[in-house]
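What follows is a set of structures for review.
After this come two complexes, each holding subunit A, first together with subunit B and then together with subunit C.
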Partner chain A sequence: MNFSALLNAMPGAIAQGLIWGIMAIGVFITYKVLDLADLTVDGSMATGGAVCVMLMLNGVNVWIALLCAILAGMLAGLLTGVLHTAMGIPPILAGILTQLSLYSVNLAIMEFKANQGINVTKYALIVSQRNVRSADLGNPIFTVLLILALLIGVLYWFFGTELGSALRATGANEAMSRAQGINTNRAKILGLMISNGIVALSSALLSHYQGFVDVNMGRGAIVIGLAAVIISEVMFGKLFRNFALKLTGVALGAVLYYIVIQIVLWLGLNTNLLKLLSALIVAVFLGIPYWKAHFSVNRAGKGGREHA
Partner chain B sequence: MLDLKNIRKTFNAKTVNEKVALNGLNLHLNDSDFVTVIGGNGAGKSTMLNAIAGVWPIDQGSIVIDGVDISRLPEHRRAPLLGRVFQDPMTGTAATMQIEENLALAARRGERRTLKAGISRVERNQYRDQLAALGLGLEDRMTAKVGLLSGGQRQALTLLMATLKKPKLLLLDEHTAALDPRTAEKVLQLSEKIVTENKLMTLMVTHNMRDAIRYGNRLIMMNDGKIILDIAGEEKQRLTVENLMSAFFKASGEEFANDRALLS
Partner chain C sequence: MKKTAAMILALVLTLSLSAAALAEDAYRVGVCQLVQHVALDAATQGFQDALTEKLGDKVTFDVQNASGDSNTCSTIVNNFISANVNLIMANATPALQAAVAATGDIPILGTSVTDYATALDIDDWNGATGMNVSGTSDLAPLEQQADMLHELFPDAKKVGLLYCSAEPNSKYQVNVITEYLTALGYECIEYTFADSNDVASVTQNACDGCDVLYIPTDNTAASCTEAIRNVVEPALKPVIAGEEGICAGCGVATLSISYYDLGYATGEMAYEVLVNGADVATMNVRFAPNVTKEYNAEMCALLGVQIPEDYVAIQ
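Coming up: the complex of A and B.
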């Protein structure tokens, strides 16, 4: 096996990991802060790219296109939130419904083509795979790091405000939140909107990075997001207590995930089996806390008997 | 002032599990009333408190506090008028948030939550003093997660949260039932202190007859979703557990089935 091939692939893995790290931060907000498993992301992870690329192909300024992509993602979150709070549909199912409908919506945005390319030489893309090995500031890794730092800063500020605290409280204890006058339905909708807006931002950046948007590019996004969240919890859980550090940990989790994927591919895994591997990783890491609790109880029981 | 008029609530209507929880309940409270509520299991005590708080909509009747009809308002919009402490110490606080964050959330009950900082320095100092007054040493642990506190500490904190912003009505729903006797006693005394100092109109549900007699100026007994006994003032002070029991038998005409009430 050729080790330099692996090294060569690392910048790409890191750049991709960082872009997906933005997406994972969106998942963190619903899954960890709001305590909702939101499957909308599998759809909004393509919507952001679709909106951004199509607008740019039609001559819209890149930053305006990016803003519209984020707004489109927030709209998707709003839909899931309304399905859940106003129609009483369980959050997982609400997310699945939005995700499914987004498949058609995304196709419609992309003028009913499964993918749309955007060329870095013709359009002012924010990041591009082409520069991933360059040693200057045009390297997408620097750009994404900058965006991540900005995003984490804004989120850190927001979740410290009265409104952000109300969102955290809603995720922590709904009954208590309502007793303290928080409109928990509105808090959930807002959280879902913020989360999917972030996911759409990641989607837009990813489509820039790879030079095209594909209607299937969000498939399994929730699993990658969860993987990043869980990896960060297992690896940095004890280290990162502060909210900003936790978000940073999630982004690092996504990078680690992509490095692992890259190594597995280098070891010769068939690319088509990647999703199976992803699911396996997430299942195992989700199981670890359960096993830990289960086995430590058993051990305590044994110890107790011995010392009795 | 609180006015409950002809309140009805049936759970699982038209099923085998149908339960008429509130059956034409009427109650009037004056601003100075500290009312203890007793009754057997399923008498409707907690249901009455939940109906006032708006946990679910009532089937019939009206709930009026200080002239404002809140019967149709959602739970979070009634919150500004109400302070609530629950039976389960887990319910009243957010375990994954800090002590001071919980207090800051409570201090904004009924206010629009904006993009201003969730907690200010001035507030922190104020909370420190208020926590110190509880006498539990919580003032030195303000950034600790509430999940690390004991049940008694959490109930004391919830009590402070419920009254940080003075409510029109304080609802204490068996808030000492999950605590050990000594802690329960402490929390009860603290409750009385807070109620008297702030002159709060209060409804306190309890399973303990002696506590029901000892605290408050008025005692009501519930059975089958209605109030069957209402004793206030001097008459209440002369009450004993024994004559409360016989009053119950007379009023309800049936055995008091609740062991906990009998034993206490």
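Coming up: the complex of A and C.
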């Protein structure tokens, strides 16, 4: 255990964090913009990779495969949206149902194999962990940064359009939006589709990065996504007001999450305790805003008394 | 704020100094294990024992467990590479895949991996991988297991193949043994469960439709043998198991490999690579050194199964 090893581990943590950052942006759209807790992501986090890898193994061009992965994720979101809006199932439950069904769907996509490897020397993968320490444009950090910038740009534009604004309004105040003539059900479905499409994009990149897709890949993904959203809110909430900056903050949140995990591993934590640690990180960051509010109210009370 | 930062920095520096003193002149081996599991734990133990026996304190291990989360394997392996380990031992398929995705230089040895060609997407398989990877396969002697089933239950018609759909190794074994069993005149039917929650109902289904059940070296099945036993015992259906642990829990007989021996063999390969400079790319993937016919005396008595004399009772 030495300090240079930790520094040397950073590129890997940053690349992994950026890929999960894309996923976290997907979570941000449902959890923050739309104010829905969507658990579909635990399933769609494997769907994207499954579609992309299987298509590539069958000779499809990598970018077309990536596009299909995004579309598959959007279909998953559509399913959750329909379950919620057309059948009146509460969003959490609708997400859990889709996630459950996606297990079988993902297996079927992977020809009923639970795990499929894809070799970086044989296929033109977009990113690979193998190049994470190389200093050229093939480094996954550059590629993912580029994709992130593009994604944030497109989302910034979209949420400024009339349709995007309708989506934001639905999340902010559903009753008021309906009164303004917004079809809130349609907005919710659209939001869920966009969110899961983004998650599937992240999933496809992750499967490239780690060289395989596994049917259990998405298990616990929502925790990492929420952690990134919440870390960014606590760390950058005051700094980043602009919508595009907020999305950037979410991606940075995921990077921070992975840097913390990497440091903890480097410090020699028993990895059997890693899940406990992940839960702790999220709990602490969830607690900070609450404590802050509590603390500042008390202080205001004191000051109030003095000045009264 | 400044004080805290200074204190952390001081702590980090002290730790790194004390660690640097230890690391001189020793082989550093990173072990990435997918999940806490009796068989995988035994393989890791065997690996460490073999290397420690040969190298004594000239080898240090960094054993990390991904707690069943395949994404964490990438994080762990990234840590190994940045610490510049001399060799990575990857225990189970996703751990191996994560290691291969991360490095093309550091030698990687796998263990508890059934089929390297499938795991690493190699088309022209000839026994060695041709890249920085070799290791040991936990492939059970499937043909002999099929023969064993035939020896014990020659009159059975339908064999139910019970396994978890999330485990590629199980699927592979079931595909292979189906060929052998069909050649012996059995009808094979697959029954898969998604996780431990539907094991009982799927097993019940299998008991209703078949005369004999076969369970491959399936991790999920291994972790809920009691649940399986609670179904097969009242239904009086015998289970032939792919490994000792499942057999001891709910089976009647097995042809068993030892994961400790498998890990030990991997440790011996590691010695070849580290000390004698053997080239992993041309090292053939090795299989379990020896197999034994074993039976579960209690289950056999309950189900009235006659066991030939060359079988050993599981303790």
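Some observations on this one:
In this section, the second predicted complex is superposed on the first by the 292 of 308 C-alpha atoms of A that agree within 3 Å, B and C clash if a C-alpha of one lies under 4 Å from a C-alpha of the other, contacts with A are read in each partner's own complex, and residues count from 1 in each chain.
Convention: a residue touches a chain if its C-beta (ideal position, glycine included) is under 8 Å from a C-beta of that chain, and two chains touch if they have at least 3 such contacts.
No experiment lies behind these values; they were computed from the predicted model shown.
By the document's definition of touching, of the two partners only subunit C reaches A:215; subunit B does not. In the superposition on chain A, contact is made by A:176 with subunit B only, not with subunit C. Which of subunit B and subunit C touches more residues of subunit A is settled by the count: it is C.
Shared-chain residue A:9: touches subunit C; no touch with subunit B.
By the touch criterion defined above, A:163 reaches subunit B but does not reach subunit C. Within the superposed three-chain model, A:184 lies in touch with subunit B and out of touch with subunit C [touch as defined at top]. Shared contact residues of subunit A with subunit B and subunit C: none.
Listed in rising order, the residues of subunit C touching subunit A in the complex are 12-13, 15-16, 19-20, 23, 36, 64-79, 81-84, 93-94, 97-98, 100-104, 118-122, 131, 165-168, 171, 194.
Note for the complex: subunit A touches subunit C at residues 1-3, 5-10, 12-13, 16, 57, 103-104, 107, 112-122, 128-130, 132-133, 206, 209-212, 214-217, 219-220, 258, 261-262, 265-267, 271-272, 274-275.
Considering their complex, residues 53, 74-77, 79-80, 82, 84, 86, 90-97, 101, 104-106, 108-111, 113-119, 161 of subunit B touch subunit A. Contacts from subunit A toward subunit B in the complex involve residues 158, 160-166, 168-169, 172-173, 175-184.
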